[in-house]
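These notes are about the structure you will find just below.
To keep things simple, chains are lettered A, B, C and D as they appear, and every chain counts its residues starting from 1.
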Amino acid sequence: MIASASFFAQRGWLLGTCGNLSIKLADHPVRLLSTPSGKDKSRLQEEDFLLVDGQGQVVGDPSRQASAELGVHQGIYARTSAGAVYHVHSIFNNLASHRWRSQGRVRFAGIEMIKGLAGKTLDDVVHLPIVDNSDNMDQLAANVAAGISPEVDAVLVYQHGVYSWGRNPDEARRHVEILEFLLEYVVRLESLPTGC
Amino acid sequence: MIASASFFAQRGWLLGTCGNLSIKLADHPVRLLSTPSGKDKSRLQEEDFLLVDGQGQVVGDPSRQASAELGVHQGIYARTSAGAVYHVHSIFNNLASHRWRSQGRVRFAGIEMIKGLAGKTLDDVVHLPIVDNSDNMDQLAANVAAGISPEVDAVLVYQHGVYSWGRNPDEARRHVEILEFLLEYVVRLESLPTGC
Amino acid sequence: MIASASFFAQRGWLLGTCGNLSIKLADHPVRLLSTPSGKDKSRLQEEDFLLVDGQGQVVGDPSRQASAELGVHQGIYARTSAGAVYHVHSIFNNLASHRWRSQGRVRFAGIEMIKGLAGKTLDDVVHLPIVDNSDNMDQLAANVAAGISPEVDAVLVYQHGVYSWGRNPDEARRHVEILEFLLEYVVRLESLPTGC
Amino acid sequence: MIASASFFAQRGWLLGTCGNLSIKLADHPVRLLSTPSGKDKSRLQEEDFLLVDGQGQVVGDPSRQASAELGVHQGIYARTSAGAVYHVHSIFNNLASHRWRSQGRVRFAGIEMIKGLAGKTLDDVVHLPIVDNSDNMDQLAANVAAGISPEVDAVLVYQHGVYSWGRNPDEARRHVEILEFLLEYVVRLESLPTGC
């Protein structure tokens, strides 16, 4: 997780202490390993990570606080088979959320990179849902939960960022990389004279 | 400060020996730690930094010279509760200063990243002031001082760069990262067919 | 090959475990050294590489599988004097494949960088063929094979990526760098008011 | 010089073994230290550099060959007070050479970064000359020599790259960084709705 956080930070997807990553360690009872709130994600160390239970409480250390957005992660774990949830902010995922907000989703079709999403072939059309952002974490968690679609392991939040997951940390990281590629691609296509 | 300078330099925000960073070490009497003038900021070492007093004189070594723009920093310290002032040049902060010069400010609204600015929520609209540039350092310091607004801990100088501050070095660095993200975002939005 | 994979990965051309590199070690019988399928290319180690024969079987270890796209490489080796074949995905090679798909090729003329392609001078006009993508590896290999032109050591696959080769690994790497430069250049030209 | 080559290579300005750097070590007789021809500039070592005399011959080792473009450097040394000449290729310097080719020069005015060019103030308007490219090195050297202007220590070659110099290596490097910033800036301005 440190390697992934460092990789994402280097690409500018975790600027300004934003973004957060979590991994599910156990189901019964639920145990998540999570990045801390408000820390610079390019300088994380092992002891910065938090062990969190199903209610969002830090296990064994009530003085420390999990990321305010962990409720969004928990809603995703509850509704999917995710083993890891990664959340990153990028210029291009923000641009895409703005460009296609009125359609409520970003459409990907006929692009090789789609095959990097679990279970997809080149013939699949993938719609990435766009949901509203909110300052209220319960509302945001509800928005993201309502946006979850069987078509893709990710939800895009308007002018905020993407939540993406996978059955394990490697798949979650691959999904983040694939989606950021696809989002930058379709945004840049818009600026070309013959953009689709 | 070396880490931040190196990070900013790596992102291309301190090219050509431009840009400068300072930290306030003490108030009575005023003591600032400042980057030197004319040095390549990607190759700074501890002994390159200067200890400067309230009049801009290097403490204990009159033979060395502080950055010509330190007067701008001092004007900011005098009018705010800044504990650190960071000044960076970037392609996108220059582009934004040009695009919205006639309005005198850049407007940010409804973007999650706004929450990374001290005290802001998603509902806050933030206007980043744009002031004129000048070759005369007293004039530039006066322009920046006149531009300071309670709405945001930063002033953008026309086709020059951004001065941003925070109560401490970590907050100043976070503000720089957040503002560069927001500025690149709103500039790129302008090139999209349905840009706001 | 590790150095080239790491260099390409750093530039974002091998994201999401995509892309693959191969080198021809011997002709009789054919022996290729190939990157493995489904691995993160930024974290390759020596033991990850596969020794593959002319039929695409891993030599000495039938339990391991070569990249599904190795058939494309073998078709290129069979029809050219390539000593190395590198395949990378990038935003800009995807954009170019979309922009000039109807012409079936991307045209480069009068650009100094053309001289970095083997045997070319500044006066040469180079047409990079664009072929259809396919989920069927035999079909994709056939498409790429049919696209091979004496004009340039590369074929661009629609919304997929570029296959580029050279007589040796250094030349293959140089061709990838040159073509990515040229493709980004002609795509960005399109956004300029007086684009060609 | 290794540090500068590595820095430029990292920014993508020396791709595909292109670009070359030289430093003047002595005047009587002329001795230049030069990057070798055809080498990957991101992997240079001390022994790769060549000691070259006023006629472009490698001193003490006639078996090694200087860069084919060294004649351009020699023409610059002969006509200016340059102590170092750096030549880099970039997407944005190519784009600028195309955008303003008919005017024969790129115009910079009112941008803070201009002050990073030797002897310039914010009030100076700087015109960077654009000259024709040529496969013939004598012709190219003549084109660049004819383009040299007292206004700026650099000449831009059409769809090729920039030759920039300074009285010493640090100044030459600063000029490269400043000019690449300015060129990217004015090219990106063109894509904004209210570009100048």
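Quick notes on this one:
Assume contacts are C-beta pairs under 8 Å (C-beta built on N, C-alpha and C of every residue); 3 or more make two chains touch, one makes a residue touch a chain.
Because the structure is a prediction, the values reported are computed rather than measured.
Residue numbering at the subunit B/subunit D interface overlaps only partly, since under half of the positions present are found in both copies.
In terms of their C-alpha centroids, the spacing between subunit A and subunit B amounts to 31 Å. Among the residues of subunit D, those touching two or more other chains are numbered 191. In terms of which chains touch, the assembly is arranged as a closed ring, every chain touching its two neighbours and no others. Across the complex, subunit A is touched by residues 12, 15-18, 40, 42, 89, 91, 94-95, 98-99, 133-135, 157-161, 187, 190-191 of subunit C.
Chain contact summary for the complex, subunit A toward subunit C: residues 7, 11, 110-113, 115-116, 121-123, 170, 173-174, 177-178, 180-181, 184-185, 188-189, 191-194, 196.
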